Structures are given as structure tokens and as C-alpha cells.
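Chain naming follows the written order as A, B, C and D, and within any one chain the residues start at number 1.
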Amino acid sequence: MAAAAEKQGDGVCERLKQACPEDWGAYTGHAFVRGLGDGSLAEPCFRWYLAQDYLFLIHFARAYALAAFKSDNLDDLRQATATLDALINSEMQLHLKYCAGWGLSEGEMAALPEAEQNLAYTRYVLERGLAGDLLDLLVALAPCVLGYGEIGRALLADPSTRLEDNPYLDWIEVYGGGEYQEVAAAARAQLERVARARLGDDPSASPRWPALAATFRSATRLEVGFWDMGLAPPAAFGGA
Amino acid sequence: MAAAAEKQGDGVCERLKQACPEDWGAYTGHAFVRGLGDGSLAEPCFRWYLAQDYLFLIHFARAYALAAFKSDNLDDLRQATATLDALINSEMQLHLKYCAGWGLSEGEMAALPEAEQNLAYTRYVLERGLAGDLLDLLVALAPCVLGYGEIGRALLADPSTRLEDNPYLDWIEVYGGGEYQEVAAAARAQLERVARARLGDDPSASPRWPALAATFRSATRLEVGFWDMGLAPPAAFGGA
Amino acid sequence: MAAAAEKQGDGVCERLKQACPEDWGAYTGHAFVRGLGDGSLAEPCFRWYLAQDYLFLIHFARAYALAAFKSDNLDDLRQATATLDALINSEMQLHLKYCAGWGLSEGEMAALPEAEQNLAYTRYVLERGLAGDLLDLLVALAPCVLGYGEIGRALLADPSTRLEDNPYLDWIEVYGGGEYQEVAAAARAQLERVARARLGDDPSASPRWPALAATFRSATRLEVGFWDMGLAPPAAFGGA
Amino acid sequence: MAAAAEKQGDGVCERLKQACPEDWGAYTGHAFVRGLGDGSLAEPCFRWYLAQDYLFLIHFARAYALAAFKSDNLDDLRQATATLDALINSEMQLHLKYCAGWGLSEGEMAALPEAEQNLAYTRYVLERGLAGDLLDLLVALAPCVLGYGEIGRALLADPSTRLEDNPYLDWIEVYGGGEYQEVAAAARAQLERVARARLGDDPSASPRWPALAATFRSATRLEVGFWDMGLAPPAAFGGA
């Protein structure tokens, strides 16, 4: 049902994006993203982004642990546990290998202070999840998972994306690739399911909708801030 | 609107009670309650109940603090803060004075271990509030506030209630009296407001309703357990 | 170091047990446990216990999810995630198979109301973890993991345990067996590590110790309540 | 004892500040603060700061509600409730009146999006409190309460502070004045008490100290970010 709804453009995720089209566009079409696509992004920016992303992933994993705690049925508990396990035991390991290729060691990254935009984003998501219920938490998490899937897919499909000699091609291929697209699809399906279980078959008609849309928009803006951060590496990372 | 809805018997609270009529009846018509009404309750039972109620109030206050934290607007934040403040600075003081009249000192009560039924109830409410959102928490809190108001009012109105030489008359007059009835009415109004803000104008038609009704029923059964506990004081309180 | 400390009897777990020897003895030497050992436990008691244990495991898994959220370093996050994953994807599956052998289906167990002693225990642990920090949570979880390990090992080692025609022998072999003993050892090691990281090398000299010992004792008493529950199955389970 | 300890410069608050002297100096001696002192701060900066501070206070009040929930004794519960009540029913009302004098209505401020630096700070504090225990939360709250007290007192005592025709004199007098100094002293005393109850008489010797000092430092840096935000009002507030 959720899949069918998506096709018709009226899935929960589509409606959330449609409620903040400018912010969503600012996120998925950010200068950082365009710099990945044409390979023009300055290396210090990417390395700074990668290092902060390492710190981000730890709190993102904690957010899925929180989702597991907040689950009120075994399906949600299993789905959140699977995502948590994948983040900790697979994605973080891949990320570390990838970072090593860019000259970043785990010790170095673990010792970095979190940039304010990084901290703002992760703590917003965690606090939203603690103050609200599982649905509030999943909506706060959605821009990251769904957005990265959308960005990766769009870059791969875009004929203007530089495929040769693009130092960021492997990043694009990871997020545009089949494995990550499945992760994003599972997250999308869980959000649809949890939303409909609480809001019914016409989620955006629920009186809770404006608050959920506001959460989604805030998290999307915090993703924009994360890209902004990437464009402004500190001196220690070769920034101005 | 909420008041009007109540009159027509379709307020959120009415619907929650109608979803578990046997449990609600077992709670509001418990042998402990009847023993208060006709004055036949054994004194050790009442003293044991009072002492456990002291410990209960601390966690109940914490639950309203949690409601304040979970509020997403100033009205709810103020209402929860007012209830918390009243519990800490007024109700607990009255309770202590009242307990002193029954020979129970604060030190003595604070040193008691919580009875399992007491602990089960308060931790259930707190955990429900933390795992869910403000509405889940207020529904878990509702049986206590509303039930005591209903019990007090019913005992006062019941011609078979013994008014002379009933050692429990002041308890009945507190919960049946105007001041407590106002507290219960404010709690009921907040629950109506928060429920309608999340579920719309026909709350029991929301897909969330079964889960909320289950929470209300669990908390009601835990109130039954609390009265059961009262009827079984330990030897140190003069029990068998 | 933790292992060495344990050998000398001054590990955190040993000290916690020594702080409530009577409660610990009432738990590990409970009539339910003795009935498992000599095979005399009535079948309705065991089936009722198994069914409630299914509901228990869900909340126990949620508690490890909470521990993952509350972790402030990757080691603790990984350890809690591993336990959560093992509970959800291995222990619960084994439990379901085992229950099926006793004629209990997942649907049947999922539909049961939680017994009050069950609910009291799990909500106590979860709430303690939310109100306190990771150490408070791990201490509240400790009586279950460590106690089952100790009970299983003791039953296996006890010459008076009936090994032939004991319907509960597989239960004893699971908890006394190597795999579960490793789980318990890992939980014990994590508790030692987290405790020493917060309390220093002489944990019971810390001013936090009395509160931690009180938490451990409360959880131990709630385990006693769980066995008590097992001995009193409802009529639907063949109880009196 | 706490007061005596303070005098000797070895109170918990003093030690926390001494653990991050540069950050503490950057906060208490920020250009925004100097602009308040000599009256040179541009009005758009101050109005923007005030409006964001309104949003800040709501979440700050929620943090004290959280502290009330996390309290494990009546003293801490009462202290946190008193602060929450004062914030909601006194400080916020004063703030609103004061803002009205600067042409800012409650409706206007409530409709503003939170600036990222504002959101980062409040969510950091709340999440720290939820992941940790009461001490972690109070340490995260400390830079705000203590810093404002210190800033107000220092500005009042500084001969170079402009007292005539300084549009910000009333702000200085509020935070440097006796009433706020008492609030700060009560917060400091509670932090001392809670810290010593968990860490003992030499708090900075506890293995928990580095984590607490890191929390204090992060919150202090987030205060610096808040002043930075004040210096960069958006166009709608008359910024560049």
C-alpha cells in the first residue's frame, strides 16, 4: 500500500517534502552537492565533511537505538535494531575505510570537536525523539536517510555528473547504489507504516500534520547547515 | 467545546472509561473504597495506604515534570508546571499534615520500601510517558486524577455513606470537595485539548485509539492493584 | 583487571550482591528454582512463567536499546547493540521455539496481559535507566543477566539436580551452558568497566554507591516477585 | 560548606570554569557583552538577541522540568520545580514586558524560527540531560545561569560601564541585581550539592570529571555561539 501510495505521489515522505519545497531544494541541490557532482569541491571541504560525518554517525546510531526503545511492537523494534546494527557494524566500518583513503584516522576524527551545525542537527533529532513519540523521531530522521538516497540517485542519473577523474565518484556510487537505495526504501516504508498506524489513511489531514511537517522542515534546514559547514573547513583542514 | 462534549458523554475521558467498564468499576467500586464510605476499613489498611501514597506522590509529581518537559507549547507547559507545583508545594504538605494525624511521620514514610503495586503503577506511567508522547503520558495519568475525583464525588453523593463517626470522612471530603474537583476538571480539560490537537474531533475514530485505550486500561488495573495493596498491610503496620 | 578483581571477590557485581545477601539468596534459591532443579515444578507454573518471559524479553530488549542510546563512547554503544541484536534475533527466536515445544504460540503469548510483577520489573528498569545514567541502567539490568547465569551454573553443578526425566533440564542447560555464561560474562565486564569509569577503582567507596546498591536490591526483589508470579498461574494456565 | 569551598576557589563551579578558561573568557568577555557595557551595541542586534532569548527560555524551562523528573530526592525535586515555576511564571513575564518595551510582541517572537545557534544550545542541554543523569544536566545548564550572573555583576562593578544614556542599563541591572544573583547562587549551591553527592569531596579527582568538564566547555562554547548570533541579526531585524 505504501509503495502504491508513493507512486501516486501521496506517500507521507512526498507530502513532507512538498510541505517545504524550498528547503528541500536548498538541501538536495546545495553547492556542496553540485561540487560532488562535477568534482569541483575543494578537497579540504570534503575531508572536513567526512570527519564531521564520523561524529554524526555515532549520534545517528544512538537515534536508531532510541527508536528501538520507543517501539511499541516487535516489527518496529526489529526494524530499528536492524538499522542500528547496520550503522554500527557495517556503515561505520565502511566509512572508516573510506576516510582512511582520504588520510583520516579514526583517532583523529574521534578527537575533533563537533562543529556547531553537526551538534545542532543530531541533538535536535534526539531531543525531538525523546520529547515526542516514535513518529516524531522517524520524521526528524527522514531528511537524512531519504535525502542522501535522493541526492545519490539524482547525481548518478544526471548526465552532467562527471564520471571520469571525479574524486567523489565513489561517494556518489555508494549513495546512488542499490544497497543504500534499499536502506532508504526500508526507512521510507517504516515511516509510512508508523505514520498510517497513528494518523490513518490520509496523514496530512491529521491535526498532528503541521507539527510533523515543521519537524521535517527543521531537520531539512539542519541538513542545509551541515552542507554549509562542509564548505567552511577550519584552518587545520586546509580552510581559509 | 470539551465541556459540551463531556455533557453529551462523548468526551475523551468518557470514551476511555467506556472502553474498559469492568476495570473502571473494579477501581471506583473497590472494597477499599466501600470501606472508606461506611467507615468499616481497618485502620492498618488505611495507614498503610497513606504511607505508600506518600511515596506515590513523589513519582506522580515527577510524571507532571515529565509532562512539562514533553510539552510543545506554552499552554501545556504552564498547565503541567502548575500541577507539579501544586503537588509539591500544596498537596504533599497537606498529605504530610494529614498523615501526622494518623501517626505517620515524613521520615518514617520516606524510609519505607515501595510496595510492588505502588512501584508498578508509577513506573508504568513514567515509562509510558517517556516512550510515547504527551498524550500517551496524560492518558496514563488520567485514571488517578479522574478516578479520585469521581470516587470522592460519588461517596459524598451516596446516601449510604456514613457521615458521623466515620474516621475517613475528611479523606472523602477532600477528594469530593470543590478544590479537588477543580484540579480534576483542569486535568480533564487538558487531556481533551491535547487529545483533540493530535487526534481530531472524533478521537476514538483515530487509529491511535486502541493503544490509548489499552494504556488507560492498564493504568486503571494498576489502580485496582493499589487498593488491593491497601487491603494487605504488612505486619509492621498491623497487618496479618 | 575486572576479572582479577572478581577473583578476589571485590568486583562491582560481587559487592552489589554482598550489599543485599538475603534478597539475592531469596532470588537465586527461590522455590521456583528448586522446582526446576528437582523437576517438581508444576507444568502450569512453568508455562505461565515462559509466556510472561516472552513479554519480558521485549521490554528487556528495549532496555538494551536504551543503554545504546545512553552510551557516550563507541565501545559501550557496540556492546549494548550486540546484546540488543542477540536478544531480538537470537534469544527471542530460541525462546519462541522452546515455547512452541510447551504448546505456547507467539500469537497467544503476545495477546496475554502482562502480569503485574512482570510489568513492575521491566518498567522499573526502564525508568531507572531514563532517570539516571548508563551506570544506573546497567545496575538495574544486572540481577537478571547475572542471576540467570548464576542459577543455571549452580543447578548444573549441584549433585542433587535431577538430570534424568527432568522436563526442565534443557532450561537448566541453556542458562548453565557456555553460550549463556559468555553473555553473562560480557555483561559483567561491561558493568565493571562502566562502573570504574564513573566511580574509580574502589566503587563501593563512592558516594553514589548506596543509591546503586539500592537499585540492585530493588531489581533483585523484583526478580523474586517474578518467580512468585510463576508459582501462581491463572486458571487459564491451569492454575488454581 | 559549598560557600566555604567557593571562597577557597575550589568549588565545583570554579573548577569547571578553570578547566576551560579561554572559552569562559570568550563567553563572559564577548564583544556583545562589551557592547552592552558601553552602550555601543547596535539596536538590531539586541532586539534579535531578545527575540531568540524568548524561544530559548521555553526550552530552558523544559530543561528544569527534566531536572525535576530526574531528581531522586525531594530536595532536588523542590529546587528544580521552584526554578521551573520562576522561569515560567516570573522570568518569562518580565521578559515579555521588557521585550514589549523594545517593540517585540509575544506573537511575533513565538512565530520566529529558532536560529541555529539557539537550537543547538537548547537541544544540546536537553539531550545531555536525557542521556546522562541529573549531574550531567545541571553541568550543562550551569554556564547560562552562572555566566549571566557573573556578566551582570562584572558589568555593574566595572567603572568603564556606561551608566548614563545606556539603553542596555536595565538589562545589566537585572542580571547584576540582587534578585538574579540569588537565583544564580541557588543554582550554584544545587550543583555543588548534587556533584558532591555523586563525586565526593574532591569532585575533580573523580573519573567522571573529564566528561563533566567537557560538557561544561561545550555548553560554554554554545553560549559564545549565542552571542555571535546576536551580532548577526537577519535583514528582517535590521541586519545587513
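The criterion applied here is as follows: contacts are C-beta pairs under 8 Å (C-beta built on N, C-alpha and C of every residue); 3 or more make two chains touch, one makes a residue touch a chain.
Predicted, not measured: the structure shown is a model, and the values here were computed from it.
A.B. asks: When every step has to jump to a touching chain, what is the lowest number of steps that links subunit A to subunit C?
C.D. replies: Shortest path length, in steps: 1.
A.B. asks: State the chain with the largest centre-to-centre distance from subunit C, centres being mean CA positions.
C.D. replies: The most remote chain is D.
A.B. asks: Between subunit A and subunit D, tell me the centre distance in angstrom, where each centre is the average of that chain's C-alpha atoms.
C.D. replies: Taking the mean C-alpha position of each chain, the two centres sit 32 Å apart.
A.B. asks: So how far apart, in whole Å, are subunit C and subunit D when each is placed at the average of its C-alpha atoms?
C.D. replies: Chain centres of subunit C and subunit D, defined by C-alpha means, are spaced 43 Å apart.
A.B. asks: Enumerate the residues of subunit D that touch no fewer than two other chains.
C.D. replies: Touching at least two other chains: 62, 69, 126, 130-131.
A.B. asks: Within the complex, which stretch of subunit C touches subunit A?
C.D. replies: For this pair, the touching residues of subunit C are 58, 61-63, 65-66, 68-69, 71, 74, 77-78, 80-81, 84-85, 88-89, 110, 126.
A.B. asks: In their complex, what parts of subunit A are in touch with subunit D?
C.D. replies: On the subunit A side, the touching residues are 62, 113, 116-117, 119-120, 123-124, 126-127, 130-131, 218, 221-222, 225.
A.B. asks: Per the contact definition, I'd like the list of subunit B residues that touch subunit A in the complex.
C.D. replies: 69-70, 72, 130-133, 136, 196-200, 206-208, 211
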